[in-house]
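The following blocks contain the structures, represented as structure tokens.
In what follows, chain A forms one complex with chain B and a second complex with chain C.
Right, the complex of A and B next:
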């Protein structure tokens, strides 16, 4: 028991949770409406897209790779699916299926290229991002879609409960997507054989290969899953912003990477948990929302996020100095 | 390999030879599509104006890649540095005139480089001394530095500079545009520094195998610190050129170049695993990218298609390499054994 407690104290999740709790306490003292249900629901809605992507990226990071192209993939999926909805009048099932299929397809392309090209996944996905995004902008000429079908704009609305002041709180598409993405990712990583194989692949690729894991298939699975999540997240995002913009998502990839890494996922692979990823997104969300509620100019929010990232990565490296002296070169 | 081909390979390098081949093919293809205009005045001018910015940023990125790192903060650093220069230039005390005003401008540029050096120092400390992974550390500093620039300017533009500064971006000397001259003045010494001096060789060796270099008694931490200082210093020059060309500075100029600089470096034969790569390769790769871009402009194709072609060409080149390495055993059996094992690191970035 004590051993378990000690190990928990050393985990990234513990410190992250501590920081978040402190932040929430300070915020709710300064602004009592911070912990209101309304604000929490708002937060869940506006960070659903990033959160879902973090869930997908977590799997890629654990496998020892990285994907930069997901924002471009999401934009393409969003654009094609909702154009089809406008032109052919397909419903929820159709839109979701098209977005999922496009995401999955492009993700599989990434997986295929990462496996066959033999160069770092960051380079491969930068290249595919450029190709996908360039073609998309050429075809769409950068035009937004504002006219969406009414059933799509309405979204889904499953009432959960009604507060005593009469306000109704209900489950919306954003929350549904967020919960589903994290739950399925947790299932894959912790309750399936494939999940263990992904951890093994990220921990030691050579060993995983020699044990007999099919690295090629694992790569396809990992990048395909990332693409699938990106496709589905794009629909959630379009429903939230009530529009499709080819230029709104690309360029924000690194924010998602930052959230995943804040949650303790290592860029070297083999490390990372769903709980950590959730806490990473939560920290970024609470921080930015908190600054807004406190009335700090939004121009400064990126600066504060940067400070937090640097503080987090520096504190993760606390014990490294000693390791460097004991075994030079090993402290990586 | 003997004879003429062998001499050529040793002189230019295999990677560069392949890049030159690619350049030749593209020149013929685009030349036949576009005609004389490709190397006409308009074509050359558009090449000369765009290449130096991307080029300087890529040079900065290259130094980090060579050390098996990555510097995502180059563009943020360039912009913060340019904003510093811009701020000092636009706040000249009214009493200054004549040579003193000239020195004020020099001082502004130096202040810009110093601000960039501070960012480099932060990167270097995080990466070399705290052993934070380069992607993470520079992701953090990128957000921080860009956030600082946005916070200070509220996303606005600082503009209106003295003629001497504008000349750096738009003037020309002996018919050669100033940005090209600045680019050459950075690329040439950097090439010598990286391939002909102990510092450059240690950087490349540390990029291949940091532990081995550390065991041979070299403080790799100091070397890495210098690497990121150098990155930031080059980035600040890129910022200066951008600022001078647009006659304005902003927190978000050149944002879309970030991933393109990595693409250019990898196309230029700089291994993202570290340790291998030459400035000359990068320069040829930049010319290839610029040729594609200019041809797209002259063919009235969308500028976004350029981005696709850039990404596509990298995938094609990498695919060629992958196919070649798959058949390498077959080819090697027919030639003499390879003199050096290929650079295959287990580190992924």
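Right, the complex of A and C next:
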């Protein structure tokens, strides 16, 4: 029991949770409406896209790779799916299927290139990101889509409960996507043998091959899953912003990587949990939202996010070093 | 009944023959040791049995009476072959339980049965009487415990033949003993063990039979009972290396290094000794005795908490290893692969690494001609066998890699050379070469500290031996007045 407690205290999740609780307490004192249901629901909506992508990226990071191209993949998926909706009048099922297929396809391309070229995944995905954006901007000439089908703009709306004051709170597309992405990722990573193969691959690639895991197929799966999630998240995002723009998602990559790393996922692979990823997104969301509520300019909010990430990564590095020193004769 | 027979197996890589017309038998339930120098074909043999490489056509691999021309890795594993490679191939980020039962994760998508995995892991541990916490991550274990995990994994995979590739290279004597006991335990369970080692004492201790290889050819298989270490060494190297203690003339007038009551809590206590120019002093003891920690302090890598270090009678306090290097101290660490060499960089680049600043001209640029001259000198002086100084260090044998490390430190023109386990993973020829280098350096007046686990190594190649136990110097022996038995007594006392 004490052993379990000790291990828990060493975990990144523990410290993250602590920081989040402190942050929430401070914010609630400064702005009593911070913890209101309304604000929480708003937060879930606006961070659904990032959150879903963090779930996908977590899998890639654990496998020992990284994907920078997901924002580009999502933009393409969004654009094609909603253009089809406008032109051919396809419904929810069609839009979702097209976005998912495009995401999956581009993700598999990444996986294929990473596996066969033997080049670091960061280089491969920076390249594919550039290619995808290039094509997209050429085809769309940089034009946004503002006119979306009315059924799409309405979204989905499953009432959960009604508060005393008559405000109705309901499950929307964003929350659904967020919950589904994290749950499925958790299921894959912790409950399936393939998930464990992904951890093993990230922990020791050579050994994974020797044990007989199919590294090629695992790479396809990991990058394919990332792409699939990017495709689905793009629809969630388009429904949230009620528009599609070829440039709106640019720059979101680093937020997502940051949240995943904050959550304890290691860029060296093999390490990371879904709980950590959720807390990582939560911290970024609460921080940015809190600063906005306090009336701090959004430029400063970027600045503070950066500082928090440096602090988190530094503390992780220190932990790793301490653990290394505590285990004598350990040549990683 | 033979578990495995190899008939007329050959393997050529390009023009080089790694194995030629090799015949080999492994009886079910025996412990069979394979000895041979670097490049004798041991690794190739393992890879062929494990299915990683296919032999050239013409030979046969016979598993329990069934003949194959070659096997795939999956087939070999299904037939019961489990190889424990030197790097152990474990997953540091996963728990002990998951590492042991990792084979259960193979195959297509399905849900994991965590409870069944734990049961399988526990069963494997119980079968060979190992007790490890199932929930600890492997990254938190010592090397010796990791080895146990790797062996348990082989057991969990229903191994009938466990091949251990130099399992004892990074273990201390005490850990080696428990590993050897474990090998006997496997044998008791009718699991065949194939053991690859450089250390003849342990080979003769546990093996039923020994096969000796040289240059890809089998020299013979012998009953271990009928062999002595000397015979083994002679057969393996094709020449005899026998060492004796000898008293050398050393003018012990003015010590170059004086260590007085040096203390670092939890690492070493009250360590005092003198070191004279031209002298070779061995430091031995069990793991955790504080030998390496002491060496790191002498090299300025961690500060002592009490006591003093004096060079030429002048008290020094090192803030960093840079300061120690400036005082003429060089340290060749134990783990040459991760701490000393940039494996993918050329031999020459590695050699000049520690003196790169002195090769620069007034613009701070390196002059290639000067660098190449330095590299050439050292390759010649230390007799490093490399076709080309531009080749990556990775391509060299263990003995030659160690020479590159030594060259790198000798280039700093040290007066005191500290060697930490200099011959780990080096074959007999390589060892002999390193001993010769050390002796000739000492003859030129360099003071050498040699840290080692191997009793013969310190006894026959040092003038004095200091024995450390739990951080303290517990004995000092003059080599020429001592013996292996006496030294062993002092270490285990």
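Please note the rule applied: the second predicted complex is superposed on the first by the 318 of 332 C-alpha atoms of A that agree within 3 Å, B and C clash if a C-alpha of one lies under 4 Å from a C-alpha of the other, contacts with A are read in each partner's own complex, and residues count from 1 in each chain.
In this text, contacts are C-beta pairs under 8 Å (C-beta built on N, C-alpha and C of every residue); 3 or more make two chains touch, one makes a residue touch a chain.
Treat the numbers as computed from the prediction; the structure is a model and nothing was measured.
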| item | value |
| --- | --- |
| Residue contacts on chain A - larger count, chain B or chain C | B |
| Contacts of A:254 with chain B and chain C, given as first, second, both or neither | first |
| Which of chain B and chain C A:194 touches, first, second, both or neither | second |
| Touched partner set for A:307, first chain B, second chain C, both or neither | first |
| Partner chain(s) touched by A:120 [first = chain B, second = chain C, both, neither] | first |
| A:203 touches, of chain B and chain C: first, second, both or neither? | second |
| Touched partner set for A:213, first chain B, second chain C, both or neither | second |
| Shared chain A surface residues [contacts with chain B and with chain C] | 206, 328-332 |
| Residue ranges of chain A touching chain B (in the complex, touch as defined) | 64-66, 68, 113, 116-124, 126-138, 141-142, 205-206, 251, 254, 257-258, 261, 266-269, 297, 299-307, 309-310, 312-314, 316-317, 320-321, 324, 328-332 |
| Parts of chain A lying in touch with chain C, wherever the complex brings them together | 190-197, 199-200, 202-204, 206-208, 210-213, 270-271, 323, 326-332 |
| Partner chain A, residues of chain B touching it in the complex | 72, 122, 126, 129-133, 135-137, 139-148, 150-151, 154-155, 210-212, 214-215, 220-221, 255-256, 259-260, 262-263, 266, 272-273, 301-302, 304-312, 314-315, 318-319, 321-322, 325, 346-349 |
| Chain C - residues contacting chain A, complex | 73-74, 77, 85, 87, 89-94, 98, 102-112, 139-143, 170, 287-288, 335, 338 |
